[in-house]
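The following blocks contain the structures, represented as structure tokens.
In the two complexes below, chain A is the common chain; its partner is chain B in one and chain C in the other.
Take a look at the complex of A and B:
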């Protein structure tokens, strides 16, 4: 899994590329948590091809950490297979997952 | 074909096991959504075996039941005897972030995805069977 900061001004955009599964979820979670700052953040997911239940746990940990630090995080552009798993578990609503980057920026007030 | 294929029960082996399982799924399922769902279910079952059973290895079979048009997986381990279907934690998918627990999602996922799950113990081994009819 590659974690890249694409933008870091008043909003931070973190792009993910790869699978969030049993092999990568712990490191992905640690990498993203390390990048969180006190500013609204978008996690861009179009290149995430697979999220397993280990991946869901990582996303939940990230969301809980962000919330405890008062950081608003939105997830954007997940592919249909990932959206399906997020929907099945109620994560789509709980994590503020939106279809497009424009929706995410709007959600964060830009 | 996967027939009682043995794998060491280690996390680093799981990607290889899942690649082989996914290849079997793709022989019968063409919809990416269902291929992905079945992979998610298989991964969760295997993670539970590797992390909690104490078994040194596990075995996977995958066969297609023609009459029922159903794909059947069998996961076998030699760890502590445990029926994962006995105590399925309740998951409220409408819970807000603060209330959500980190655990419990896995069994919920494979119960939701599969049509039928069966557990039995035989020869001191745990056998978990998971069925999914073609969609």
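Take a look at the complex of A and C:
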């Protein structure tokens, strides 16, 4: 799993690439939490091919940690398989997910 | 930092240590996974580890001699990828059939405490039968974001139960949901359940079972174990009912269903099958219990054969202390970690049988369940009979705590509704809470679960559309399914070329049934689909029909709006009248809470010819006091009834709270 900061001005954009499973979830969560600053953050998901049970928990923990710090986190462009998993398990209700980057940016006034 | 959570030994490349002996099954601990298993007769035991779905294990680790206390083996294995892991046990011991020992060290066995079971991840996907190890234990993450949810605290008096099959509820195209036939699909239908107004959803078995058990092909059609009354593992939700089963996420998906039901004020009750397992008799497969500790888990004859009080090959030895503990732990687990609100126990009379098969007066299992601290707000409903001839409706060992499926209610009501004579006084009892069966002083107001239809038998529509069962498609030459249906086709068998007047009469009959059911004292239960006239085409035992016979056809909801509206109104009516739930106080001037009447007030006719039932409910709550008259008449033509003199608001009451049923 690679975690890349693609933009960091008034908005932070973090791109993920790889699978979030038991091997990567703790590290991914820790890496992203470390990157959080007091600014809206978009996490780009199109290159995340698979999210396992522990991966779901990582996504939720990131969102909860951000919320506790007053930071808005948006997950954008998850692939259909990942969206399905989020829907089936109900995790989608606890995460802020939007279909496209344009949607995410528009919400933040861009 | 715990000093007892570091490896003490190695086995090959694996770091291990003696485990947590009190934690049955597999649990994630810091750095590793704890595995614990009990067997009274095992000489030795091996832990067998597989990568997901692989045929051959990647490790077989024997429990070392010093990893055993009493008859419990326990070991922590470190550095395992728990998501990509399936595990089982191999247990060695003597083979002595008459003594009940049938150990076979070559069989890899499912953990009786497995919280996830893989092997049947996607419903109906043909299994690879060449694999030795079919049903595989997996480790579960028990954490879940409940967002404050707990089992609902509302009174059991407010229960209106809706009995449904997870798959059948939304599998049909007409359901319109995204994840058809699954927990997630059911969750999508919650707004419908809320609109209908029911307060509890009771699901046919959701513990892992094998839909391919006893699968057959009849006339080119595949028949499966669709209902699932044959448990493989008691702690695991059926993977094939989860849209996410292929990702092993059924635990999260099921919990989310529970959370959403609760958000909408709907309780969840599970139909649980502890009377037998899927291992059958001496010809059945080794899945788990048989190879781990046969004589502990099953009631055996003196020659080592299986007693068959369940009609399904074996009988779980429910009052053995170890099995008792498994059942209790299981139910506590479903309440504490899944927030389930209650249970309906299939063939519950077996849960009161002794280890030799005889019925007990004070069965320790039933007593433990009745007094368990975690279960103390859960509703416990017994199907108070078994296939060994024990019929305990009214006499089930209840500790003032257990409710029962009231089989007498169903039988009396069906016969009365179709017009049989001599039942008026029985029906008066049934409507009034069956106090002739359930002593109110001891059993309270929620002992009787009233139902006219359930998964077993005709649907409500079929009850008035078929004189005879039509089970040919089940492949048993019509010999399966009950013959005591007490049904009446209203003068026309089935639906082909159905005359309009017959259709009208059937709808009227369905409304009669709904009206009585929802105004009876006790807990009403509705079979899913009855509220819109769902038909099973006369099949009264579609346990094997995974097709349109069993799946609800949601097009009927549009076609039969009159029925849906009637059910919905009757449910709302029940909720508006605390007197029907016995949630009101007596009226000061002295009317009894429930009284029966004839054509003349206070003069119930007990003669066998009588076909007229009048019931008056009277009570008040803090806001208002009221009487409610219910009068029923089996005569083809209406009879007029003189109502009991009403209180101050009589004209309003008579107008608002009176329903007459009849032909």
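Heads up, the rule we're going with is that the second predicted complex is superposed on the first by the 109 of 110 C-alpha atoms of A that agree within 3 Å, B and C clash if a C-alpha of one lies under 4 Å from a C-alpha of the other, contacts with A are read in each partner's own complex, and residues count from 1 in each chain.
One rule holds in what follows: a residue touches a chain if its C-beta (ideal position, glycine included) is under 8 Å from a C-beta of that chain, and two chains touch if they have at least 3 such contacts.
Bear in mind that the values here come from a model prediction, so they are computed numbers and not experimental data.
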item	value
When chain B and chain C are modelled together on chain A, clash or fit	clash
Partner chain(s) touched by A:101 [first = chain B, second = chain C, both, neither]	neither
More chain A residues in contact [chain B versus chain C]	B
Partner chain(s) touched by A:63 [first = chain B, second = chain C, both, neither]	first
Partner chain in contact with A:21 - chain B first, chain C second, else both or neither	both
Touched partner set for A:35, first chain B, second chain C, both or neither	neither
Which superposed partner A:80 touches (first chain B, second chain C, both, neither)	first
Part of chain C, among the options 5-13, 95-103, 131-139 or 221-229, whose backbone runs into chain B after overlay	131-139
Doubly contacted residues of chain A, that is, touched by chain B and again by chain C	21-23, 52-54, 56-57, 60, 84-85, 88-90, 94
Residue ranges of chain A in contact with chain C within the complex	21-23, 52-54, 56-57, 60, 84-85, 87-91, 94
Partner chain A, residues of chain C touching it in the complex	81-84, 141, 143, 145, 147, 178-179, 182, 184, 187, 242-244, 247-249, 252-253, 255-256, 259-260
Partner chain B, residues of chain A touching it in the complex	21-23, 50-54, 56-57, 60-61, 63-64, 67, 80-81, 84-85, 88-90, 93-95
Residues of chain B touching chain A in the complex	11-12, 14-15, 18, 32-33, 36-37, 39-40, 43-44, 47, 91-98, 100, 102-103, 105-106, 108-109, 112-113
